[in-house]
Structures are given as structure tokens and as C-alpha cells.
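When the chains are written out, they are named A, B, C and D in that same order, and each has its own residue count from 1.
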Amino acid sequence: MNVAIIGASGYTGLELIKILINHPKFDITYIANSTGEENVQELHPSLEGVIDIEVSKADAKEVKKVADLVFLALPHKTSMFFVKELLDFGVKVVDLSADYRLELEAYEKHYCPHEDKEHIKDSVYGLPEYFAEEIKKSNLVANPGCYPTATLLALLPFVDYIEEGSQIFIDAKSGVSGAGKKLSEVAHFVNLNENTHAYNPFKHRHMPEIEEKVKIVKNKEFQINFVPHLLPVTRGMLISVFATLKDEINVDEILEKSYVDNEFVRIRKSPVDLKSVAGTNFCDIYVARNKKALFVNSSIDNLLRGASSQAVVNANLMCGFEENEGIPKIAYVP
Amino acid sequence: MNVAIIGASGYTGLELIKILINHPKFDITYIANSTGEENVQELHPSLEGVIDIEVSKADAKEVKKVADLVFLALPHKTSMFFVKELLDFGVKVVDLSADYRLELEAYEKHYCPHEDKEHIKDSVYGLPEYFAEEIKKSNLVANPGCYPTATLLALLPFVDYIEEGSQIFIDAKSGVSGAGKKLSEVAHFVNLNENTHAYNPFKHRHMPEIEEKVKIVKNKEFQINFVPHLLPVTRGMLISVFATLKDEINVDEILEKSYVDNEFVRIRKSPVDLKSVAGTNFCDIYVARNKKALFVNSSIDNLLRGASSQAVVNANLMCGFEENEGIPKIAYVP
Amino acid sequence: MNVAIIGASGYTGLELIKILINHPKFDITYIANSTGEENVQELHPSLEGVIDIEVSKADAKEVKKVADLVFLALPHKTSMFFVKELLDFGVKVVDLSADYRLELEAYEKHYCPHEDKEHIKDSVYGLPEYFAEEIKKSNLVANPGCYPTATLLALLPFVDYIEEGSQIFIDAKSGVSGAGKKLSEVAHFVNLNENTHAYNPFKHRHMPEIEEKVKIVKNKEFQINFVPHLLPVTRGMLISVFATLKDEINVDEILEKSYVDNEFVRIRKSPVDLKSVAGTNFCDIYVARNKKALFVNSSIDNLLRGASSQAVVNANLMCGFEENEGIPKIAYVP
Amino acid sequence: MNVAIIGASGYTGLELIKILINHPKFDITYIANSTGEENVQELHPSLEGVIDIEVSKADAKEVKKVADLVFLALPHKTSMFFVKELLDFGVKVVDLSADYRLELEAYEKHYCPHEDKEHIKDSVYGLPEYFAEEIKKSNLVANPGCYPTATLLALLPFVDYIEEGSQIFIDAKSGVSGAGKKLSEVAHFVNLNENTHAYNPFKHRHMPEIEEKVKIVKNKEFQINFVPHLLPVTRGMLISVFATLKDEINVDEILEKSYVDNEFVRIRKSPVDLKSVAGTNFCDIYVARNKKALFVNSSIDNLLRGASSQAVVNANLMCGFEENEGIPKIAYVP
């Protein structure tokens, strides 16, 4: 099956290329960014000697001619303009931006007015462990944010056991590749090296995404108090979920049962780390309890499970392939 | 005033030497470790050309002859044997180990049987912002643990406002110098670089220390749920305190008032970081609120405010000097 | 074709497993270390959910039953005892240790007495760009050291143009994974982080390996002055070759011609870096000239091109497969 | 003595402030950058609670009123405009830019036309170990570049013993703070972390500075072949000097004698590292020889000995103070 990537310049675009090169079912026939007119080897010098393809200036009409499915690795507020046209052309879309993740009202509150109100209703949230059946039938999958992916996989199994009305706290830590390729003060080496700090505490836009999906999946409303941090590492994301349980339950058993059939979730016997998942689509989860206090601890590769490899899993499902075909499982360790 | 350091080999011993070299009131007359028989320049090659003094094999009798105050930078369970003898000799002691931090029962539960039950009762907990008056009158100060220092300074101002019976969660992150100079798997560069992970969740021995001091200072009992992490950095510690407030109070005002006279606590308008405090005795604190959810965020240099510079503040107070004499205030930034 | 790995505990053993899992021609039938009796997922927790195979206690007789080729990822001075037995059993061997890299006299001078003088004569040096034909016919390939691999690929094209009798200087920089999994002072995070330093200047055992191979390939004798450094990174190796040319030649042209048919050597137009090769078998090379002063600059992944992926290339050649079958080409960038 | 700093925004400006706060003889009376109108605590938040002084918009006339000596921490090509005016006002100047380091012809070849040809002749090169007497008498000291400082201190003792006409190679490695506070691709965390690479090989503007000073001090002409690298660390610089000796001399003895009276040069018995000098004005040097091949290895803190602390040493000398007054000697180790 022929696929296209629009938004090839950034880190998630590069990761998509890297996965698709070795994918047994997908062939990359089109790669685009906002300027075009260079070879992918100039855009990403590490691909010299690996793949030789021109980068086009993004154009939905061109995609239609050469691909059946497209990955959009575009900034928020940019994707929505492509999606409309692509769906009209009958091209399946996996959108890695936030544009179709939230319900309309929440989107417009936290981002901006939406220009494609029609399709936002039809989009499916691409968290395979919870929405696989819907994804299989969908032409438009909104790939989850990195923080929501790791948080929801940790939190959802326990939502039914958390004391109603109690506060849920998320202390999240991300490698700085999540902040993108664009130069910024926080990503300046001297500023981040030997350093770490929270940012946007209680104000990050992934907070409403988590709250909304908890409500949709579990039909429970909780105040999610989300505090992200930047780590002096490139890849990886570590989540601490803190909550108050109704009872002193067997948390290991609950976690174990929740993902018994999900090969990309690994239940761990000790606290999880970044390196065991870096380079893979795995989400590792560990849980501990102190009387009624709950700690769920998950880790993912923010660029893969938090973006590009999860997008390819979604594409696999949308195209009727095996969920795990061509999905990276071998970590960058050591 | 002449001072001694016993336990000069480790990182906190080195930091003590570095501070005392430039201290206007203290002179180092004695440095010891468990072996002796080398120059401090061999033990710490960075001190070549800076200080020239023999390292002795630790002996309380020798200390008595040459010093009026001694810093013990020894492992837990080792300090207690020196303290007894030194106090009998009339030497003031600042103990950087855990041996005199807890009440007897708690100590024996979390560490080991105590061999100096007599003095554990008389020791003062060396957190200057809360125990300055007692420290001034004491001959034996138990220097707080690094995690309790940063956590208590963040948490104590808010204890009266936290919903009774609710859970308090601490997500703590430390640079790996806190794990000491001894080789270990967690401190192996390949294991920690580009990585981070929790350790001993809900089981770290600084958890009862925090609970006990909250009770002593505020006369309130809370379950403190403490999860420490290792960061791929050398120095620095970052704390997230998460709690549920009784009411939607003005948290900035409360914090501001709590430390109005304390020059080593800086209230910050944005989330705190490690580099602004590395190399100093400062504790930086930031606070945010989401309805009744509280986030208090503090940072310290784990080797200085979390150990050696706080020890010298305590020594200043015990000797009647100004609290801030010779205490490092200039960060290692950039 | 069935293959075995002896020495599965270390980093190069892990890398061999990771490559062979996805290799289209080789099946891993046997994995061993010095103790055995655990699953590979316990030995390398990142492999949970990826490969499920027992780790045996190393035994050449067992290898014979299940494999036609074996990779030895063992310490120097240990390999030689296995090689003898394995070759007698008719098993092909790729040895990643130093035991068969040097001529007998040089080996015994720089390492220790050799216990398998018979086979040292027959071994082929596994640098495919220069010894491919011999490798194809060999049953025993000595996989080159990491430093010699990167240095020789940079230096050999220019040897004929270097002033006779002049000094050749190599300033080499390696990620610390090259120092192995064993705990050591140099690999202690606190010691290496924010640091770098040379070690064994003019005394490293890869120096005679480079000198010997220059002589064998080019029939020229040069004094190679080799100074390795440790970098605060996990993977990757960067080489500076400095030499004095006889004439002001066109160095770009010489380099370009030297590797025109070698897909795993990439000639770069700007100085090379670690990240573009990390995770791959590529050796990137750049060259510059200042009148008669020559600078050749190469980079490899020390664990892959410097060890495990080069070993699999050698295995491919020994078994008559395509040189590049199953060899990693996609870098860990970003 | 009252001093001013013009160019307070950058890293070297911050380091000047940090040193001068604790200096026993100098008082900072004026701090300026190109915009002014903020407090130094806003410019450098780590200085909150440490120093409280307004940052002015740079104006030479204001300096004249309040200071006897000024440090210029300005970009190249900017300093020269201030110097003229300041010297006319009778203010002593330590210039940290390149504007007065080179002889006119070399400056104009490598930088730009010079606007203050008059004073370039009178400036003294501020490398105290070689120019102390001239510095004492000067009103305008050109503070050396970081690479030339570390290279010249390593190289100069051996120049007389190096084979005439032979090539001298410098492999230099710098922490990225040397690239300044301005955002840049090379200093983007994701690009530099786990990475290293050369830049401007044989083309860096510190190359002619080294060649010129070798000629001035030793009256010898050598081709200096200089290749700098960026390291994934914030502070520190490591130099490898490679050269060919005329004879197999005792290099340790030569080095030892060269700096017998210089307290800020430390001769080391093993290869030098960054951390032992970070935070200090020390230059550590180690030397090794392989027959006629020479390796001299030096390290400095690029922001201190390579800029700000050397500037204060120069100021000490210009004002008749002790060379080492208020100069940092205690490293940031661990």
C-alpha cells in the first residue's frame, strides 16, 4: 500500500520515514514539507545512503495520485486544512496534530476556532488499546498527544477504583525532542543540560485531552492536575500518576488483567525507565500502593509511542493489517 | 574558630572543605577519613594548589585537641559512635548522617538499633528556617536529609490549609551525586545517561523523616507518599508537592509571608529549576493552584542546601555567628 | 542458517541479539554467558516481549549441535580457548575479542602468551572494505577493534601520500559504552558527566593493531601516535587523523575514489558527527587539508561498526550472503 | 577600586559579575548592555538575592563618572568603538573581544577593517604567564581567546624543541557555552546531546592568533593546524597539541620548569580533565612523548581562564594588586 508523509521536516516526520522504510506493507511514494525542492537526504543527512526520494511542496492533489493513506506530521492549526481536502479525495488520514483529538468545544477553548467542524465529529482517537475497533473502521484517526498516551495507558485501568471527587495528579517528564526541532530557549543546550524544571503547570493543553478521554472511556469525571517537566534527555517520557483509591485493592492484579492481550504494553515489576522503551512502540507500566495512595508509573518513547510508531499502528489497523506489522520493538539500549 | 571534618572522602566532605576554605570565621585544622595517610590533594585532585593539609585516620581524641566543632560526613550507623565521644570531650557536632534526625523509635524501625540513645533525645533538627533558636543553643545538630530539606521547605507553609485525611504526594527528582561516590549500577553512566526512573517508591527512608517533622512543626498527621527519581544530572534536586486544599486560598500570599525574613529561601514567579540553585545554599520555591489542587515546587543543590552548606549554616548558628557568613550564594550558572 | 552467541551479557552481545532478531538469513539458536540459567529477558530487560530464549552456560559442544556459525563476544584472553574447540567441530567463528587480530609476536607483546598459536595464523582481519575476499573464504574472522576500524578506514586511503618518516597522530574520542558494562571509576556518572579526558596516551593496545594493519595493507611503516579520549556520551566514536602530506594533493578526490563501491562508507562534505551513525554500520568520513597538513575525520557507532554489526557483515560474507543483509542502516537520530 | 562591566547579558558578562561580587578590591559600580532598563536580577535570575543593581544602556560617558577600569564583554567589531572613547577618558580597559588581540594586518584579514588603528598598537596581550610585566604598565589589555589561552600555555614551553618546518596539530574540544547565549543549531540540545563534531577545521579565527603569539614569544614560525570540536558539556575546554620533536627530550622536566612560579598553571601527572578546572582560573597541563612524537594536553574553564577570570587577573595586574586576589580557585567538582 502506498503512503504519503506531509510534514517531513520535523522529528516525527523523520521517525515516520524511518519506520516506513522497513515496513513490510507500506511503501513511501510521497514526502512533503512546506517548501519542497530538496532531497530527503539534504533534509535529514542521516538518511544518506538509506533512502533517495524528493521532498515535494505539500499538495493534497498530488497525494491523491500516488497514495492511499497519508500521515500528517504538521503543526496544530495547519493539519485541518489538509484533512478536509484529503478525505474528499478518498485518502485515509492519520493526523499527528491536535486538530482532531478533542471534541469541538474543548478544541476551540484550548486551541483556536476549528475550520473543519464536519470531520472533527467523525475522527477516531487513535489509542489502539482502547479504540481499536473504531480505528479499523475509520478514515480519519487523530493520533493522541504524547503525554495523554502515556498517562491514559497508566490511569485508565484504575479510574473505576479511584475515590470520586478526589484529585488526580500527574507529574510528567519529557525528553526535549518533544519540544521540536525549532530553536528555543528551553532547548538551548546550556539551559537544559544539568537542569530540569516544570513548565505550564496545570495549564498544558494535554490536560483537557486526558480529562476528556477519561470521561469518554470510563464515564467518570475527574479533575486531572497535570504538571509536565523537561528532562535533559532527547527521547523518552516518564509519567507519575498519583491518586487516592477507594479501597486497599490489589493493584498489580488489576494492571495485569487490563493489558493481557496488548503486546505493546509491558507490565513491569519495578519502576519503569526511559531507555527500555526508547526506539520502540512499547509502553511500560509499573504500579505501587501505599494504603489508599496509588502510584502508576509509565514510560514511552515520546516520538514513537507518543507520535510516529503509534501512527503506524493506527495505519495498520485502518488498512486491515496486523497491529504490530513493522512496528519497532527493539530498544536503543544501551 | 577551629573546626574538623570527619568523613572527607565523599562528595559532602569535599563540599565542606570547599566552603570552609573561604569561610571568614572557621579554620579547618583537622580532616579525616577511615584510612588517613594521604594529602587532601591526593584524595581530591581538584584541590591541588588550593589547600595543603594531611588527611588523618579518624580519631575523636585528636579532634578534641585541635577543634571546637566537628562536621561528621559519615555513613548512617557510623556517626553515632563518634558523636558520643566527641560530645563528652565538649566538642560541638554537626552530624550529616541520619543517626540523630529521627526520634528513637522511628530511627530503629527504619535504620537499625541505636547505640547512643542518650544523645538522640538532645539533638536538634538542623532546618534553620524552623529550628534556628534551638540550633543556637545546641551542641548536637542533626543535619536534615536532602529530600526532607527541599520537601519540608515547600510543604510546611501549606500544611494548615490541606484537607485533613487527604493524601500528600511528593514526586522528587535528584541528581545522582546524592547516591554518593561509591560505584553502583544506577550511577553507571550508560545506565543513567538519557534515562530517568523512580526508585524505592513509597519506601524511601526520607518518607518517615518528612512525616515526623510535619507532625512536630505543625502538629498535624498526614500520610506522605514519597516517590524519588534519579535524574541524569550530577547536582540538584527538584520537588513536586501535590496536595488537596480545604479551600481555594491565595497560595502565593501564604508562601510569600512564610519566608519573608529568610534570605536563603527565594520565592519564584515561575517554576523553579536546578541550575539557579546549584552551587548555593538557596532553596527556590514556586507554588500553583488548580481549584483545590496544590502544586508546590522547590529546588535545592542536594550536596549544599541538602547537606554541606546547610551544615555550615547550622555551625554558624551554634557558634553565634551570622547565619549567612561564608555560605555560598552564587550559582554555577551557566 | 543457525547461529550462536557466546558472551551475551555485555553490550556487544546485546547488540548482536538485536541485529540477529531482524536478520533475514540468520536464526539465533543458542545464547550463552559464563553462568547461564536465566532467560535473555532477565539478562536484558529491554528484550521483554521481543525474544524469549534461555541463556545457557557457555559450552562449545552444545554450540556444535545447534549452530553453524558462532559469534564470540568474550573478553580478550577468553576467546582463544573457545575458538580452538569450535573450529575443530567445524563451526565458523567470528571473534569480537582481540585474540586473533594481531600477529603472534605483537599479540604476546601487548596482551599475553597465546594459547592457540595454530589458528592465529589462519585468522582473517574482518575489515570488509579491505579484506572481503579473504573473509569470504575464512572460517575464523577476527573482528577489528573499534578504534582501529574507524582509524584505518580514515587513514588507509592516504597512506601512500603521507611523507615517509613523518609522525601520524590520532586523536580519538569514544562514548563510554566502549568501556563495557562493568562498573568503573571512569564510567561513574558523576566522574564523566560534564567531563572529558584522554586515557592511556601513546599506550593503548589499539595502537599496534593500527600500525600492523597499515603495514599489511599498504606495505608502509609509520609510527602511529594514538591518544584516545572518553566522551560523556553512550555511543559513538570520532577520529581525527593528523598527518603531513608529501604534496598538496586533492584529498577529496582520493577519498571519494577509495570507497566508491562501499555502501557502508559515506563520504561527507562537512565534519562528521556521532549521531548520524549511531545505530548503524556506517562509517562517515570527511577530509580537509591545510597546505601539506592533513585532517581525516571519521565516525562510527563503536558498538556496531566498531563491534557487532561489523561482525554480522563478516558473518554474511563467510556464509555467502550479501554483505548488507540485515545490517542496520537507520540512525538513532534525533 | 570602582569597576564597570559593559556587555552584561552574555555568559562572560555573568561570570565577571560573579567574580567581582566577591573580589576584595573591586566594586562594581556600573553594569550595562545594549538595552538597559532592567535589574541585573531580571537579566540573570540566579542572581536574585545576591546582587541588586540596575543594568544601564551602555554609555562610555557614564562609565567615566563612576569607574576607573572597565571590562568590555562585547562582540567582536563592537568593542573597538567603546575602547577609543574610554581610553580618552582615562579609563583602563580589559577587552574580552578579539578587537585588540591581533596585529592590524592579521585582524583585518580575519575579521574586518579596524576602526581604532591607533590603540591596536598599544594594546597588550593579556596572557599573564608571558606578558605580566607589559600588562602591569598597560591601560588596554586584549584578553586572549579561550582556545589560544589553553593552546599557548601548553605549546609555548616546547616550541624551541619542535622540529623546524614540521606541522603542529591542535585537536581542541570545547563546551558549548563558548558558542554563547544566542540560540543556534549547534547548541540545540537535541543536536548536541550524545553527539560531538569538529567545526571550521583549519579555518577558525583563533588559528592566526596562536601562530602570531608563538612568533612573538618564541620568534619561531610554525604552521599551526587547528581543529576545534564542540562537546556535549556546558563548561570546559580540552586541548591536544601534537608535534614532532627534534630530539627525545625530557618533556616533564621542561614543562615543570616553565611554570614553576605560576600558581594558576598546574602540572599534572596524568591526562587532564574538564571538571578539575571548571569554576576556576587554573590551566592544568600534562605532557607525554612517544619517541619524537609530542602530546601536550591542557584544560581550562572556557568562560573563566578562557575569558572572565583571566580578565580579572589582568585587571589585578593593571591596578597593582596581587595577581591572584579574588580569582576563583575552587572547582565545581563533583
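Heads up, the rule we're going with is that a residue touches a chain if its C-beta (ideal position, glycine included) is under 8 Å from a C-beta of that chain, and two chains touch if they have at least 3 such contacts.
Just so we're clear, the structure is a prediction, and the values are computed from it rather than from any experiment.
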(message) Counting C-beta pairs in contact, which chain pair has more, A-C or B-C?
(response) A-C
(request) Name the chain whose C-alpha centroid is most distant from the C-alpha centroid of chain B. (result) C
(message) Measuring centre to centre with CA averages, how many angstrom lie between chain A and chain C?
(response) 37
(request) Could you please state the distance in Å, as a whole number, between where the Cα atoms of chain B are centred and where those of chain C are centred? (result) 47
(request) Would you pick out the residues of chain A that each touch at least 2 other chains? (result) 11, 177, 181, 190, 193-194, 232-235, 275, 334
(request) Show which residues of chain A lie in contact with chain D when the two form their complex. (result) 11, 176-177, 181, 183-185, 187-190, 192-194, 232-234
(message) So in the complex, the part of chain B that touches chain A is made up of which residues?
(response) 166-167, 169, 171, 173, 175, 190-191, 194-199, 201-202, 223, 225, 227, 229, 231-236, 238, 240, 242, 244, 271-275, 278, 288-293, 295, 297, 299, 334
(message) Going by the contact rule set out above, which residues of chain C touch chain A in the complex?
(response) 11, 14, 18, 21-22, 44-50, 177, 181, 193-194, 234-235, 263, 266, 268, 275-277, 279, 282, 303, 329-334
